[in-house]
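Two complexes, one shared chain (subunit A), two partners (subunit B, subunit C).
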Partner chain A sequence: MLPKFSYVRATSLDEAVRLLSSDDGARVCAGGSDLLGCLRDQVFECSRVVSLTGIDGLRGIARTRDGGVRIGALTTIADVAADPTINQSYPGLAQAAGELASPQLRNQGTIGGNICQKPRCWYYRGDFDCLRKGGTTCHAVAGESEFHCILGGAGCFVVHPSDTAPALVALQATVRIAGRRGTRSVPMEEFYVLPNQDVRRETVLEPHEIVTEIVLPRPAAGMRSSYHKVRARGAWDFALAGVALALQFSGNRVTAGRVVLSGAAPTPWRSREAEEAIIGKQLDAATAAAAGRAAMEDAVPLRRNGYKIPLFQGVIEEALLAIGRA
Partner chain B sequence: MRKEPGSRYYVEGIEVPETPEPRSEQEQWTQTEYVGKPRPRVDAYERVSGSAVYPSDTYLPRMLYGAILRCPHPHAVVKGVDTSEAEKMPGVRTVISAFTPDDRATQPHSELIHTTLFSTRCRYEGETVAAVAAETPYQAWDAVRAIQVDYDVLPFVSDERRALDPDAPKVHDEGNQVAPTDTYERGDVAQGFAEADVVLEEIYRAECEIHTPMELHGCVAKWDGDSLTVWESTQGVYNIQAGLAGALGLPLSKVRVVGHYMGGGFGSKLQAGKYTIIAALLAKKAARPVKLTLTREETYLAVGNRPASNMRLKAGVKQDGTLTALEYVGSGASGGYQAGGTSLLDWLVRDLYTCPNVRTELTNIYVNAGPARPMRGPGHPQCAWALDQMMDALAEAIGMDPVELRLKNVPTVSQARGGSPYTTTGLKQCLEEGAAAFRWKETRAAIAREGNTNHLRRGVGMAGGLWAGGAGGPPSTVIIKLFSDGSVNLNMGASDIGTGTKTVMAMVAAEELSVDPDAIQIEHADTGTTQFATASGGSKTVPTEAPAVRAAALDVKRQLLDLAAGEMGVEASGLTLKDGKVVSIDDPSQEREITALRSLRRRRSITGVGYRGPNPQGKAVNPFAAQFCEVEVNTRTGEVKILRFLAAHDSGRVMNRLTYQNQVFGGITMGIGLAMTEARVLDGDQTGKMVNKNWHDYKLPTALDVPADMTCVPIELEDPEANSVGAKGLGEPATIPTAAAVANAVYHATGVRITNTPITPMRLAQALADARKGE
Partner chain C sequence: MASRRRKPAGKAQISLVVNGEPTEVAFSPHKTLLEVLREDLGLTGTKHGCELGECGTCTVLLDGQPVLSCLALALACDGKRVETVEGMARGAVLHPLQETFADLGAAQCGYCTPGFLLVAKALLEENPSPTRDQIKQALAGNLCRCTGYLKIYEAVELAAARMQGEEAEAKEETLYGRR
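== the complex of A and B ==
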């Protein structure tokens, strides 16, 4: 059962920001597919739901003047997955969007909501004392940690659930944010917060701030991107291990680019070790395997997620070999 | 027939039938017009359009909503319940708990243990502590949250593998073993192992699964004076009636249970829940109807599960494929109360393959978790997971084809029943015809030829199976009314749990009465208006009810032909029914529309009664199966794609080709859940609470986990001895071999044997990595 809350459908960004600022218990609602679950599970208090669906201009995909693309925060995941420009210029993002959740949720969920999701940790979502909820312990440490992180954990060991976020980090996207003090832009790579910085939040967003759009830069020449995801079942599931690639090629050789992991860490996790292992090289079997090993060098599994090390090695190898052939 | 005296004018001149004796077995159908053909469900429109009224769709005037406060701890003593705040909240009409005076009803967990409705010692997370009825569901839940409970939290044990350790916390003060270990023995296993050329031993485990039917457990309860009516989502209205009457001390006649539509049960809706009794008590106390539907989370905790099963199997085989010995040690988690933690967990070892020397032992163990309930083929899919993986390993060890090894050991009698013959056994045909249709040999040869060295590896696997039930049997009483306009009313007590029972029964009645099945109106699953039937479970609904329906239809037919004989001047034995007409067998030009029979028009209707006769003496009636599948495994990631499934089933006569196929595909889907995705996860090392009690974290297979290429091959053996329609059960056998077949295919593809369900990428990626290290 949902708790008691008031519902306000804002008609402008200013109004939405004002509604968020004037109530400590206010929460943003875009598609609602994550918020409603959080409310039902009583993950956090919520006295006011501020819907963004009445605000013009937050939806849609358009070319920017410098040849990039802007995606309104309320654009549905289904629209992102199907968009011809995104499929052509940023296939990694289209693949990530298409692999996400289920058709119903892709029709309902938005790209802005997707990158702002709350963690799916079952201790966080469930009826448990939890550091991230203001409690004293992280039950994942001595508990059922099969879906938890192997990199970047400190005190709290959630993984970030988004599939689109690692693709956006790899593609060097920027997030546009509106708030009480106007608007600001944050590179996707700097949008997320690790538990050792602040265990109570996942992003740099202030409570009064709203993601309004995501801007992708024009793809560099020779850019290829992809997203690979392994999950416990065929649909409606988050990544056990995923990898977003955005690599620049010169001939067969990788000249630059990013390797970003999902299902590995409390944030989308850029593996500089894997990037180093491939830049300047051709993606042959040995290089792909070496990159997989390099990505896992610093991994520290918990009691139940040791499988993630061979799994990440496997999916990274698979993704690199596939993009090398593309 | 007897003539009524003239004083009773309203029946004057009308022949009134006496209730007939149970009829002798009828001849089997040779040619059929309806039975066995593909026929869409009689209630398809209602189900798909949403106009079918399920218990969860039932709304009564002035109805209140109930909600239950459940213990959040796996083991705790309730020292006090303070409901004073809750009682004052808006909309709240009544609150009951172990500490309110009038709520002492007990619930039988077994013959030995009765507990009060609201426990003061909670033995599992989700035990009922208090309940509220309020004007709206939100008010009820707000009130539940306002109830203060003083718990004394006790140490718990979640894992049945540790529960018998001397220092394990005691679920019940007498100890954690539910009953003495159950043993079975035939022959001499030591001798059998001595005769074997190869002896293998392996430990298998099947994780706990939750039924999770689409429709939540729940009911609506309404009192009229001292009579209670309950609309319940159930597999058997008479079981609910008995449960309510027993708990509330009511005569059966005062309890009416209605269960027309229901959204799935799989064994978890065979009995009255505590929630059923709570709803009745709340309704009584509030003097208003009460609807009580559990939340999805509650159903994960408190209404049953397929228990976790641990199985150690040692098997001996001769080089020629003769099984010499099977030794099997199983244990299972009963949960917080006595339940079937090891029900039928050794049956396949005892009975599926020929083996002279068998020894099994089963130990049922208490843990602090929700009690088990039967789930689609209790014990069997788990036992198949062990036995049929072992058969695969034995076949490889002696260099024999897995199908050949099974064919070498097909029994003709039920070994576990002291050698009783089966009325029919199609195991051999299932194996042979299934393998041929699957192209088993050709596919294995092709995979071997291609070398299978790529990182994407193909494999095929198969498993055999039988179901210990599936015979059906008495009692069942069915009434059929033929109206003077030729339409038919079929009245039966059985529930249609989504399997197509109503459709099959309409087809059976239509077959005998030669009317269109659409002309048959079905009234069912209502203790107030239909006759006694056992619950729909155990794959016995068709073999139980179809013969009773046939008998009732034949009773109508006999009376109708008697009436027609008088009018047409032809012996009844020379008449038959065809397309709504009475027709002379010898002279088809002599015919009369049923609606033109004057005596029927005067009498308005003919009522026929049918009973389910006894099963054959000294013979076993069981369904058999063999399933085959092909997989592709990504050895880098441990991802398994099931490419195709083929299921050959001997369930006797096919009654409706469409619902037959539905059952088989549904069974395979559920078996894929066991094999690939499903497992209850308890936080056993810390809080003992379930962490995945929702449809996202508890992973049922999705459409993308089930192959589009599924084939159903019915092995239709004539079985005149089984019952008068020759059908055996199908629902459970359809899910029994599935998981083992998948595991065998994964092994064939990778050389890695996963002995613990489910075969997730997590488990397989690790196992493949370990195997690479070992190379």
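== the complex of A and C ==
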């Protein structure tokens, strides 16, 4: 059973923003596939659900004038995974969407909801008064920490669960946001908040703000992208360790690009160490292995997630070798 | 929200087309599609499993697409077509998938079966002769504790062949094991 709430299907962005501004207990709902789980587990209070599904223009994938692509926040993950333009120009995003959750969840989940979803830490979702929920400790530190972070943790050690987010950071996407004071654009890289900045939030979104679309820049010449994900089950699962690549090549040589990890940190984690290890080089076995090691230099495991370090080294190495051959 | 008719206080009302039949139903706004189907429409073929999105037994087809009814608000389904396992048979005539699931023993306790049947139905409508790999991928969101999946895959393949007009029969080995 879900706790009681009222429900409004907004018919315009203005109406949705107004509803969110006038009621502290109001929450945005897109597909609901993460929100309903949070409400059932009473992760946060919600007196009013504001559905975005009645608002025109938030769905669909279209070319922008400068050769990029805009993806409406309400576009389903299944539609992102199947879209011919995304597959052709941004294969890393198509792979991330195609490997995410199960087929049913890809049909109902939206890309806006995917980048805004809440952490999956079992203490946070469970009946624990943890730091992220206003308590005083992170129970993973002394407790079960198999699926927690090895980078970027401070007080709280969740990992960010999204597969599309690291791909979008790698591809230098921008998030368009509507709120009480009009609209703004935030680079995906600056959209997430680390625990040492503010442990109570995951993103820069204010309670009255709504993600309206995600804009991908036109892919640079020689750009290749990919997403590799290791999970505990074959059928579906969140990433234990994942890596999104968006690299520019000149011949065999990497000239620029980003390496972004999932399952590593409380936010999608850009590994500048791995980037430095590959820029200007050909992706041979020695370079790929060195990048994997560099990415894990600063990693600090908790009691039960030390296995992630060799796992990340392996998946980064594999992903780099594969994209080098592509 | 459809509010043409008078609805009870505190309740919301929506129109759905359930298994082909236009239906109006009133319920509390915080109910899931799963709860409304089972409790308000009496359609208990859709099963209540984990309520976490992990098992798939609550799957229904919403405008033809498989979704998890435990993670869908009923209010968000206003105006949509919902298909549940109750809608698969035509009177006394079973859907070919229901027949092959029964014939092959692709159900043991049967708790997962409604979800598998609906996902398989949607798959065959989109792709009438899927490969084993495509079947596995389509059914990846559905958990079965009993069968070990093999008979489920074979039942989908057999139904696909029959729906293509082939006079396919179950393999000896599937029915009686290896001799």
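Throughout what follows, the second predicted complex is superposed on the first by the 325 of 326 C-alpha atoms of A that agree within 3 Å, B and C clash if a C-alpha of one lies under 4 Å from a C-alpha of the other, contacts with A are read in each partner's own complex, and residues count from 1 in each chain.
Everything that follows uses one rule, which is that contacts are C-beta pairs under 8 Å (C-beta built on N, C-alpha and C of every residue); 3 or more make two chains touch, one makes a residue touch a chain.
Because the structure is predicted, anything quoted here is derived from the model rather than measured.
Contacts of A:T53 after superposition on the shared chain: subunit C is touched, whereas subunit B is not.
Of the two partners subunit B and subunit C, more subunit A residues are in touch with B.
Of the two partner chains, subunit C is the only one touched by A:Y7; subunit B is not.
By the touch criterion stated above, A:P84 is placed in contact with neither subunit B nor subunit C.
Legend: residue contacts after superposition of the two complexes on their common chain; A:G251 is shown touching neither subunit B nor subunit C. Look at A:G182: by the touch rule set out above, it reaches neither subunit B nor subunit C. Shared-chain residue A:G32: touches subunit C; no touch with subunit B.
Once chain A of one complex is fitted onto chain A of the other, the partner contacts of A:D127 are limited to subunit B, with no touch recorded for subunit C.
Contacts of A:S102 after superposition on the shared chain: both subunit B and subunit C are touched. With the contact threshold set out at the top, residues 1-2, 4, 102, 235-236 of subunit A are in contact with subunit B in one structure and with subunit C in the other. Chain contact summary for the complex, subunit A toward subunit B: residues 1-2, 4, 102, 120, 122-123, 126-128, 139, 142-144, 146, 230-237, 240-241, 305-307, 309-311, 313-315, 317-318. Chain contact summary for the complex, subunit C toward subunit A: residues 1, 12, 28-32, 35, 51-53, 56, 59, 62, 65-68, 70-73, 75-76, 78, 119, 137-138, 140-141. Contact residues on subunit B toward subunit A in their complex (touch as defined above): 72, 137-138, 141-142, 295, 455, 634-639, 676-677, 681-683, 685-687, 689, 691-693, 696-697, 699-705, 760-763, 765-766, 768-769. Only residues 1-7, 9, 29, 32-33, 36-37, 40, 49, 51, 53, 78, 101-105, 107-108, 235-236 of subunit A touch subunit C when the two sit together in their complex.
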